[in-house]
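Each of the next two complexes has chain A plus one more chain, namely chain B in the first and chain C in the second.
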Partner chain A sequence: MIKVRIPTPLRSMTGGKGEVESTGGTIQELIDNLDSSHPGLKDRLCDERGEVRRFINIYVNEEDIRFLTGKHTPLKDGDEVSIVPAIAGGSL
Partner chain B sequence: MNFTEEQITRYSRHILLPEVGGKGQQKLASAKVFVVGAGGLGSPVALYLAAAGIGTIGLIDSDLVDLSNLQRQILHYTPDIGQAKVQSAKRKIQALNPDVQVESYQERLTARNALDLIRPYDVVIDGADNFPTKFLLNDACVFAGKPLIHGGILRFDGRVFTILPKQSACYRCVFKSPPPPGLVASCQEAGILGVVAGIIGTIQATEALKLILGIGNLLTNRLLDFDARSTTFREIRIRRNLRCPVCSEHPEITQLVDHEQEVCQLPGTASVSS
Partner chain C sequence: MAKMQALNCRECGKEYPTEALHVCELCFGPLEVKYNYTEIKQAISRASIEAGPRSLWRYSALLPIEGTPTVGIHAGFTPLVRANNLGAFLGLDELYIKNDCVNHPTLSFKDRVVAVALTRARELGYETAACASTGNLANSVAAHAAQAGMQCYVFIPGDLETAKVLGNLIYRPKVIEVEGTYDDVNRLCSEIAAERRWAFVNVNIRPYYAEGSKTLAFETVEQLGWQAPDHVVVPMASGSLLTKIWKGLNELHTVGLIGPVSTKVNGAQAEGCSPIATAFKQGRDFFKPVKPNTIAKSLAIGNPADGYYALKTAMESGGQMETVTDEEIVEGIKLLAQTEGIFTETAGGVTIGVLQKLVKQGIIKKEDVTVAYITGNGLKTQEAVVDSVGRPIRIPPSLVKFEQMFG
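Take a look at the complex of A and B:
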């Protein structure tokens, strides 16, 4: 099982849950599996070409997948994945 | 510059700290900090920096105080509704500490004015509520070589990290470009627990003071993520992207541009603080 941290803006798709469990041998497989249990999640994370959107970062055990092998980054049981989108706010 | 008796008393709890002392307090007194936004984040930032005796605080905000701001923007009081935020802020800062010189700019930060505005300052603090301004400010600070302390808040969450241009990860190293409108909940749609602005803003102010004093370890290459519901802080390691569009050796972005979308505004609404 892989623990996935869901950021606030995407929790509407996970019934309000900040953490869900899923499976997958790679980030890509994990995103596909997450999308089956939480339909629409993939659209929020990836663009039409299936690439992770530019304002969203995905971390495996606190390491950015861009510095690993991107969406092909391998996952193993017990890994923790964090989804971190850019947030604005503060009031100008 | 010599401190008066009154100033020595005012800053005595700082001066007592071996890491600050009289010398450190002098550094604060000669420092110039530019705060973008006199709202949720800018309020605690400006108040703590003013109390700390920062010599010059620059404040930019084009908005007027609105009743819906008062739930978190602690620079502004009920009688200030309808007044320019920068004027309301200036009055509070000067009442708190008359030693502080406040430069107020009632305008928006744009590609045209950003570099000129930040040039005289030593440190820049991001208290902006929208992605276009956050990206513009990052790029301007990279070009001008000014340290930038980024903060972002939404609902129960906050983020903060410090950027030393070309030395540590910048905002675009982490997030390459602003999200298109509609994909990320806007501040007005999403709401914010007011005190989260206070928590993140005070961390931003702490970073500014440490940077000026040259003490401790800065929040560089580490993104600090706060979740108020669980009262947890999580540190995410970030690093410079060798292909960063703005701070790498061969940047794609070589001049400032205004991003058109106003992500924090709902379509068809006026510019209201979120």
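Take a look at the complex of A and C:
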């Protein structure tokens, strides 16, 4: 099982839950499985080409998947995945 | 039809009304003001701008407000200084300093973005101004809110320079010092912004706020005699300023005031906080957030909101990105002061240090018309140079003693 942390704006799709469990050998499979149990979630996370949206950050055990192998990043039992929208704030 | 048509998601294009919104609810991309350029083009001319006020509001046709400006009436239109001495030192024929050290009223380029943000915030009915800041923004929000009679809350990290903290308190806003870095402050402010009906200039008012930076490009072009420079050097924290200077240059072309723009937009960061420049050098279009460790506190944003667009801008325009060490920042501050008589803060030291590197690397050439953006005032970051400028020569009030020393 893989633990997935869901950000507040997407919790309407997980029945209000901030953490769900799912399975998958890669991030891509995990997203597909999440979409089966929570229909519509994939559309929010991925663009029409199936790529993870630019302002969605996905972390596997605290490491950004962009610095791993993106949506092909392998997952194993017990991994923790966080989905975090990049907050558009900042100063200069 | 109004000149502002909508807010548009920069990523997926979804349209929103021109309200206090900043993130796309569908894809989490940032929102940006969409203008009716056809209409603006008909209303604007070089002559109409030149006849306008001596402030950034001479470009109000290209700024996101509906009525007349009510906050920050005197912001902008700062000197573009022909830097002959620094140019000669570096080997450049035509170097200019855009000197926002002397912006009104709080001595940094933030007076531009705050003028636009709070004018818009009042149009949207807000009575409380707020911001997350590395210092200069808080100073500007606090001053403008005082003048506009707005309630004010400014949020700053716990390690700011004394002058920047004092430069808030004097206007009597609520100053909230958050234990942590700017990135912690920013995250907290995003959460507070969701709970209160406050105009957080760089959170929920951000699409309007950020547009104010375009005026640095507009003024530069006008002050160069309606000509875009060959190179600009711009300091980067969130990366917003750099992207908006590029946008401003291109808008002037879109509305027919100048020809096609071939300006190369170069970005400058401090080595101790260089997520954008590091990604650029590695050829990536994404960056890794960092924990900042630099004397350039106004640039100490480890998770830059516009980092992706800054990378895209530098690549699109053919510009470069470079970094400088803390020692090079201090040298840069001193060099600008001792050649041009302009005392900038640490961010300006970053800009001058990077300018110097780009010239040495042959990226900026002798004959290139070059503009370096100096965005803040050195009197606010005295800690950075206090140990490296020497001491006064102390003498008794005696002519003899004076002649002994200097005869």
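In the analysis below, the second predicted complex is superposed on the first by the 86 of 92 C-alpha atoms of A that agree within 3 Å, B and C clash if a C-alpha of one lies under 4 Å from a C-alpha of the other, contacts with A are read in each partner's own complex, and residues count from 1 in each chain.
Operating definition for what follows: a residue touches a chain if its C-beta (ideal position, glycine included) is under 8 Å from a C-beta of that chain, and two chains touch if they have at least 3 such contacts.
Since this is a predicted model, take the numbers as computed values, not measurements.
Chemist: Between chain B (first) and chain C (second), which, if any, makes contact with A:Pro9: first, second, both or neither?
Modeler: both
Chemist: By the touch definition at the top of the document, which applies to A:Tyr59: first (chain B), second (chain C), both, or neither?
Modeler: The first partner, chain B, only.
Chemist: So, does A:Ser82 touch the first partner chain B, the second partner chain C, both, or neither?
Modeler: The first partner, chain B, only.
Chemist: Going by the contact rule stated at the top, is it chain B or chain C that touches a larger number of residues on chain A?
Modeler: If we count touched residues of chain A for both partners, the winner is B.
Chemist: So chain A touches chain B in one structure and chain C in the other; where do those two contact lists coincide?
Modeler: In chain A, positions 9, 44, 53-55, 64, 66-67, 85-92 sit in both the chain B and chain C interfaces.
Chemist: Could you pull out which chain B residues touch chain A in their complex?
Modeler: Residues of chain B touching chain A: 36-42, 60-63, 69, 72-73, 108-109, 126-131, 133-134, 151-157, 159, 174-179, 183-185, 187, 190, 192, 197, 200-201, 223, 225, 227, 229-230, 234-239, 241, 263-264, 273-274.
Chemist: Provide the residue numbers of chain A that touch chain B in the complex, in ascending order.
Modeler: The touching residues are 7-9, 18, 44, 53-55, 57, 59, 62-64, 66-67, 82, 84-92.
Chemist: In the complex of these two chains, what residues of chain A are touching chain C?
Modeler: Interface residues on chain A, with respect to chain C: 9, 44, 47, 53-56, 64, 66-67, 85-92.
Chemist: For chain C, which residues are in contact with chain A within the complex?
Modeler: 11-12, 22-30, 132-134, 137, 182, 186-187, 189-190, 202-203, 206, 235-241, 286, 288, 298-299, 301, 303-306, 308, 347, 375
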